[in-house]
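Lettered A, B and C in written order, each chain numbered from 1.
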């Protein structure tokens, strides 16, 4: 065949380069300019809306001001609170569902696809329609159905104490299916004979779960957690739409919400770039911990 | 299978190559505006321009939520995509200082009869810095904050009698904010009916547009426009009183009110949840339309924003027409602006449903009787006022939005929030060098 | 005995919980669909309306003012094609001739549409149909699966043709939908392609600084998009990539390729090396081994990766908003479907209808790939 002659001369090294290069070139080309541009401007006083005013070098002032601003720290706390709460809830629900779904029954494929539907919607659409569902009076579906339980309608998106919970619920609704899918993939890949062997030994359900299931799926769960944590840090659409730009008050004002205002509304480009780098460093550091741990777990398994 | 994949890859790329843009040589004017009814009216009006000059007009309607982001990124990238931008009054400072708008001062003085245009409109939509006589735009659609009310409730004899008994005066569209609160209280009958739908939302400029007119009417102000001093203005006792008043309406508004801006108040009114609602006049055509508002289209009245104890001021809405500095068709754009400001064109603009800034046209009988709300709109005109239009307006706005919304939801007291806003505003002005 | 009883009881409890969970997950989606079918008054009603008069007015708003006659021809072709897939194949020769005839008909319709509308999408569509056609060409094998595949492929193309017709007829929504299809599937193809190649190289060869490189690939996902938007906008302006299909395809490929590399590397790690070694011994080159041995075994991983890449690209909002121009060539659906404004406030019905139609392609794609999803996303993290 023609292709065969054509590729006969390729060494493993050439194949390796040819296979890796497209990805690396694309990633570098698309990322190098934005990365350098933001790094450069993070040390400058610059507004992209004022292109006729040159960027003025001010050293690490942007970083210093951000890190000493108690409000920004507040946004970081809100973000951390959201990330922890959302990722843990999604993990528990997703993994729990996966444990339930890990059995044979009719329409399993259909059921799995149906549960995945929330993930396939645009986050902005999700925010918009949950506005209706979370309306604070009886016109909201949740209040309509559940107000007898709570003894009255709840201000899901208007009460500063509850709004974050609403955001977490929506994010969980949207992304626990992702956790479910990956957990289920891990669970169904565990060879059956391990359980059969444990059954012979009359092991308890808990023993099987603790010593067979968990160790075997934990690397996969870590990866799922890694991707969810990364995305949760950047979560923006739901607070933008559902709770109206991080409201009520500052109850759901996350760092990425504030970053949007800095970068787009205010065009405080220099400061926004500094903020982005702070966020990037945090996410990179966290991911690094995950990946290290992941490699360790993989090595043990 | 492999061969197939090859074909597929080649085809994919051929699509990409075909899909890359072609150049457009035709003489064409591109206007950017938000997506709403007035833009449709302008689209229709522009057909006349095309008929007259042969120049095609492409009116790009960008949805409100994306309007600002789209237009500003185009400016940042110095894109020649838009020739004319119909932008918010607050944008003037940023886009004139930033060099995105063409300076129209000389051209307007030579070509446009400025005296025919309402001075308030000229100041709000065209001039920056205020009082400098420098023009960057021409007013296109002038809008104001107005009120809707349910005539079936207000004109019910039984309700009128009960109201009179309780408050000692006749039930009628309120003239002052105190009356407004009385009526709101009177009609608050949860869970199905509430008194008023005000703007409380943190979204973009929601609560600011709703509250600032109360603030001005109570004798407060944002600051000194000469020195940019804010302390003692925005946190004065007058403003505290105004904010406490505005927060007190929360008790007479639907539970979801802290999320309300123009879309939500309209929906609440159309659903029959409220007796009165705040909104921009530009959205009122839909309220009297039997398809859009099937339940109350014939039971809706309109009134001018009420006066306060120390004055009467109303938040301005609407946009002015500016020419993009990156446009390659600036001469055609100027021709369009000149054409648009002619009296016959303004008459037609008003007829189609546009809110003209042309004084004579605005006060004409034809305009006043064209819709049930035009009278209220014309009466609002003398009281229109605007937010800061400085390049830093967005930062100033963000401080107000957050602070005021926090008071509404009870996280902060009025005084605390206003002191906070004053501090932030001064820091923003300080940073931008206004005190140097 | 008691043991079995208990576990069967447990099984039913589990199924019941699953049913409840599915209902909870679906309620908001039901709400979107219901909203799209309600009259404006019912949508904003004071109390949620579960029973309502169904109206299709919101869907009509998405369509062009006049529906072109060819729409019915394409619809019939799509419908027949899909229905035919479900028929049992008794006589393979007849099935092939039927598919042959039917594909030919579709090509002719496309060419006719091309002649009448001068819309080059139809040229592309006829070419794609010819490719699908080749699937069942006489010299190839004539297994029933292949015939079915050609029917599915051509039906999909007929549906795309309908979208093109609507877009050509002046429907902004279908213009955006078409762009989303081109950009979404185009970038998915590229991301999965690049990802698979790199994953293979990372999995099978010694790469200097492999862990660091992989982490670098992952880290490109970490920068908040809000900040990247402006520099990318400036870069694209300079390169002339703004508001082009190519620009968005490259961008979404960049977003997705990191995920694709990680997912595919895990999958390829699990494929035993022995098969390849055997093939190499048999005289295959490394490239042939990759194509003939590794790729066929990676289908499951590729399918799962494609689902994730498609979902991300399909729904991307921020860059689509800034990098395309409203009413421009490459504008995709997400920025505009969420902001339908009528003359009196937000047009919730239209938003819901647009959302539902927009959900269908990606949901159907996921459903078709469902068999591969579970085995495809193990990231190689489960040791056998």
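In this section, contacts are C-beta pairs under 8 Å (C-beta built on N, C-alpha and C of every residue); 3 or more make two chains touch, one makes a residue touch a chain.
This structure is a prediction, so every number in the text was calculated from the model and none was measured.
Student: Is the number of contacting C-beta pairs greater for A-C or for B-C?
Tutor: Most contacts of the two pairs: A-C.
Student: What chain lies farthest away from chain A once each centre is taken as the mean of the Cα atoms?
Tutor: Checked the centroid distances; the maximum from chain A is B.
Student: For chain A and chain B, what's the span in angstrom between their mean Cα positions?
Tutor: Computed from C-alpha means, the inter-chain centre distance equals 36 Å.
Student: Compute the distance, rounded to whole Å, between the mean C-alpha positions of chain A and chain C.
Tutor: From the centre of chain A to the centre of chain C is 22 Å.
Student: Report, in whole Å, the distance between the mean C-alpha point of chain B and the mean C-alpha point of chain C.
Tutor: One centre to the other, that is 40 Å.
Student: Going by the contact rule already set, what residues in chain B reach two or more other chains?
Tutor: Residues 2, 69, 76, 78, 271, 273 of chain B touch two or more partner chains.
Student: Residues touching two or more other chains, restricted to chain A: which are they?
Tutor: 3, 48, 137-140, 264
Student: At which residue positions does chain C touch at least two other chains?
Tutor: Each of 44-46, 229-230, 234, 291, 338 in chain C touches at least two other chains.
Student: Using the touch definition up top, name the residues of chain A that touch chain B in the complex.
Tutor: Chain A reaches chain B through residues 3, 47-52, 131, 135-140, 153, 155, 157-160, 244-251, 253, 261, 264-268.
Student: Going by the contact rule set out above, which residues of chain B touch chain A in the complex?
Tutor: It is residues 2, 68-69, 72, 75-76, 78, 94, 97-100, 191, 201-204, 206, 254-259, 261, 271, 273, 391-392, 394-395, 397-398, 401-402, 405-406, 408-412 of chain B that touch chain A.
Student: If you look only at chain A, which of its residues touch chain C in the complex?
Tutor: By the definition above, chain A touches chain C via 3-4, 7-8, 10-12, 15-16, 18-20, 22-24, 26-27, 30-31, 33-35, 37-38, 48, 97, 100-101, 103, 105, 109-126, 128-130, 132-133, 137-141, 144, 173, 177, 181-182, 184-186, 188-191, 216-217, 219-220, 222-223, 227, 230, 233-234, 236-237, 241, 256, 259-260, 263-264, 269, 272-273, 275-276, 279-280, 283-284, 287-288, 291, 294-295, 298, 301.
Student: Which residues of chain C touch chain A once you look at their complex with the stated criterion?
Tutor: Touching chain A from chain C are residues 11, 14-15, 17-18, 21-22, 25-29, 31-32, 35, 44-48, 194-195, 197-198, 200-202, 205, 207, 211, 213, 215-232, 234-235, 250-251, 253-254, 257-259, 261-262, 266, 285-288, 290-291, 311, 314-315, 317, 334, 337-338, 348, 351-352, 355, 358-359, 362-363, 366-367, 370-371, 373-379, 381-384.
Student: Which residues of chain B touch chain C in their complex?
Tutor: On the chain B side, the touching residues are 2, 4, 7-9, 11-12, 14-21, 32, 35-37, 40, 58, 60-66, 69-70, 73-74, 76-79, 81, 192, 262-263, 266-267, 270-273, 283, 285-287, 289, 291-295.
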